[in-house]
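What follows is a group of structures, each given as structure tokens.
Here come two complexes built around subunit A, the first alongside subunit B, the second alongside subunit C.
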Partner chain A sequence: MEFISNLGITIISGTILGNIYGLMALGLTLIYGIGNIFNFTHGAFFIWGAYLAWFLITQVHLNMFLSILLSVSCLFLFGLIWEKWVLKPKRQDFVSIITIGLGLMMILDSMAHYLFDPTKKALPPLVEGNVDLFFVTRSMNEVVDFLIAMGILFTLWFFFSKTRVGMAIRAVSENNVGASIIGIDVDKIYTLSFAIGISLAGLSGILLAPEVYISTEAGGDALLKAVIIVILGGLGSVKGSMYAAFILGMIESAISMYVGMFWVLPSWFFIMVLILALRPRGLYGTR
Partner chain B sequence: MAQGNAIKYLPLGGVIAIFLAFPFLYTNPYILHILILCIIWSVVASAWNLILGYAGVISFGQLAFFTLGAYTVGMLHKFLHISPWIGLGLAGIVPALVGLGIGLVCLRLRGIYVLLITLSLQEIVPVFIKWQTQYTGGAVGFSDMPKLAIGSFSYGNNPLPFYFTAFFMAALFIFIIHKIIKSSIGLAFVALRDSENFARTLGVNDYKYKVLVFIISAFITGVMGGLYGLYIGFATPSLCGWEYVVILLIAIFLGGEGKFPGEIIGTFFIIAATELLQGTSSLREAALGTTIILVVFLLPGGLISMIHRLRKKIGEGLRKTSVGAGQSG
Partner chain C sequence: MTLRWWKSIWGKATMSLQVETINVFYGQLHIIRDLSLSVAKGELVCIFGSNGHGKSTLLKAVCGLIKSQSGSVIYEGVDITNHRVWEIVKRGIVYIPEDRNLFSGLTVMENLMLGAYLSKARPKAEENLRTIFHLFPRLEERKKQIVSTLSGGELRMLAVGRGLMTGADCLLIDEPSIGLSPLLKTEMYNVIKRISEKGQCTIILVEQDVKEAQWLADRIYLLKHGEFVFEGRKDALDEETIKKAFL
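Now for the complex of A and B:
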């Protein structure tokens, strides 16, 4: 019976983790797929989302869902401004874009250290209470996290496949010259998708924050995890990232259940090296 | 002909003479300390510029090799009692082997994969160090570094012998990097950079060369990491943080990406600046981040190209004013 309940915990928390990691990696994939640029600041925005939500909830005492909405909109706005004013002139220069991202990451990490002092912060759970799922008891919070992440994923799916702007983003990611010929404002799409990408990073940070403590080191781990997920899924492939996030989320929860927390990141790293050695395009990517 | 060579090598000889004479002319231990750091980091920047600016490999894991080197020297002495001199050699070989493994996997793929895997290496090395606490000392750092000694002469805490050791090792490595840039390998990279497809049709095997240069770069960086560990006396996982990556990148961009001796001058500039400004602000990292963004925007091509542009502008300005003066007069 204990075996079944352990297995149940592994599968359920793996699914929840996979869901949130999926959101995080989706942001990175989106930014890479549109502009062919790597977003160094993904981990920094991950913790900034969590810090902003923590500030609004515990210091300003705002309503929880309102503060989540507010902090994600802050990141969205910042993304719009940053892409439009800073990244735009350097878009074609790969090394410059990476370097600017690295610089911004340093600034954001340092500001977080300075403004919120280095002690680890705990975001209170979004909802109290527990819930019985099959053989295991999980906190209500995890279930709500799962539902929010699912809701966002469904919204994104709807946005990308049914709305004109979403379809325009997909068109640009497939062929930006062709997209500009048929009258899509490619500049705006670049800016918009960058802002969506970092908002997703921040949102996943908020959703994960009640499970892990918020600290500046968490940003580095988040960046590493997002990179590994994106590589396993195949660069630029949304479907691949989602599958990879679920696979790696399962692996993470199984390893922390049966082996130990510390083994998670090293084993993810070896999985990445193996994937690159044997099948560099990942699950669904193109070379 | 011989005289022409002598004139050509005169500035280089002058620089070497200044470096050798400096500690006797100006015996301030703090300035000497900064100079040692400058020398060590300038070799690391040079090795990075070789791989980034010449080979076009976007490697962000150089500091991982550096950290591995520092820990290798210390741990080999502590657990196997290996002399730090042999340890310095092994401090190069261990990162070179890691570089070989990673290079074989990722260098045949597009640049973004190289970036992602080296960045992951950079993030994973501190995780390993904090994980294996009983060997590495964990997050606090590794403080059982051996003391260098030649025969019965121990270096102790005197910076002077370290200065000369660092200088001679740096001279050797910079000579090697210079030779690689001037060799057929360097030419092959220039050809690949200018016209990749044409170079390939001429039979340039970029994968082989890239792996080779990646290993050499990892080796040099690792040895310098070992020397840094021996000099400072301890190693911490924060060595493998983004702060030093940004400092080195600023050095490379100041000197000009792929413009060989430039990054050495850039390193002296930025390391001296960061050391002298140390402890002045809790927002040091933010200042570094702002600096690198400004450098990317304001100095494309490095300080040298800015001097060229300035000279051109001043020349144009002078011409304009002289014309204006002529007309009014």
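Now for the complex of A and C:
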């Protein structure tokens, strides 16, 4: 019975983690797919999303969901401004983009350290209480996290497959010359995609924050995990990132349950190397 | 004010597209040299020349993909020389490249509907789609297929079809027949002629093979080393002139 219960916990936790990691990786995939650059600030925005939500909830005493909305909106706005005024003039210069990204990452980490002090913070759960799911008891917060993540992922699927702007983003990520010659303003698409990407990073930070402590060190781990997911899934492949996030979420849950948290990242690396040895472009990569 | 002056003013007033003494460089390489071109509304102009003499570069300079170092491009009375590519598409000029630049991970239908991205193209999207499927029935058969699975001829049809979906008044078509079988080549040229005969589209067609495509043209230009060596009606073009242009 204990085995079934543990297995149930592993599967449910793994599914929830997979969804949230999927959001995080989707943001990185989107930015990479459009601009062919890794966003080194992804981890920094992951923690900034959590810190902003923590600040608005615990210091300003705003409503939980309003705080989340405001935090994500702030990151979205920052992304629009940053991409348009700082990154856009340097878009053709690969080295400058990397340097700017690393610089911003350091600034954001330092600012978080200074503004929110180094002590670990806990974000209160979105919803209190427990719920029984298939012989397993889980917190309501985890269930709500899962539903929010699923809702966002469905919304993004609809956006990218059924809306004009979403299709334009897909077009630009496929072929930016082809997109411009049919009238798509490629500059605006780059800016919008960057803003969406870092907002997804921030949102995943908020959703994970009640389960883990918020700290400035968490950004590095988050970036590393996002990079592993994107590489395993295949560079620029949304479908690949989602599958990879799910697989690695399950692995994290199982390793945490049966071995220990310390072995999560090494196990992720091992799986990534194993799969890349068999499929060098990742699960669904084309590049 | 001489008669010649009045003629030039009248010419400018009736011309849809005017390219005036543009110069284009690739690094130090001078590709297009003081080149001028004018196309009237509804005209089908063919530009012929060998590989590497600047045909594609000329079209790319007109549509904004490449910036000219000097000169100007005027369309419907508006100087579009320094406009961005998508701004030029909004003005009504669309470039259909030799290398197609399609979205290979999307379906035929998605590629076509993306052609109607601009707000001015959307009201006519359904009508344009019917026209394209009428011109290229094969595209309708393959509308749910991913573009990467299409043949070379079908990709060419899709590139032209996507260009038509923009609702552009001026099409810049770059070597649409390259790599096609003789049968498909004829089919493609017939489609282009039908589009031109509707009278709504100005077309600049760039090709290598004069003999195969000159029948299409209202007027012909021959391009050699970035300069025009002939400009005139197709019946004024003789074998000697063609030989000199291609040797």
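The rule we apply is simple: the second predicted complex is superposed on the first by the 282 of 287 C-alpha atoms of A that agree within 3 Å, B and C clash if a C-alpha of one lies under 4 Å from a C-alpha of the other, contacts with A are read in each partner's own complex, and residues count from 1 in each chain.
Just so we're on the same page, a contact is a pair of C-beta atoms (placed from the backbone, for glycine too) under 8 Å apart; a residue touches a chain by one contact, two chains touch by 3 or more.
What you see is a predicted model; the values in this text were computed from it and never measured.
By the touch criterion defined above, A:44 lies against neither subunit B nor subunit C after alignment on the C-alpha atoms of chain A. Once the two complexes are overlaid on the shared chain, A:183 sits against subunit C while remaining clear of subunit B.
Once the two complexes are overlaid on the shared chain, A:170 sits against subunit C while remaining clear of subunit B. Legend: residue contacts after superposition of the two complexes on their common chain; A:283 is shown touching neither subunit B nor subunit C.
Looking at the shared chain after the overlay, A:109 reaches subunit B, while subunit C stays out of its contact range. For subunit B in complex with subunit A, the touching residues are 52, 58, 60, 101-102, 105-106, 109-113, 115-117, 119-120, 123-124, 127-128, 131, 242-243, 245-246, 249, 253, 257, 282-286, 288-293, 296-297, 300. Put simply, subunit A touches subunit C in their complex at residues 164, 167-168, 170-171, 174-175, 177-187, 286. Residues of subunit C touching subunit A in their complex: 63, 65, 84-86, 89-90, 94-97, 100-106, 110, 113-115, 117-118, 121, 162-163, 165-166. Looking at the complex, you find that subunit A touches subunit B at residues 32, 36, 38, 86, 90, 94-96, 98-100, 102-107, 109-111, 113-114, 220-221, 223-224, 227-228, 230-231, 235, 262, 265-266, 269, 272-273, 276-277, 280, 287.
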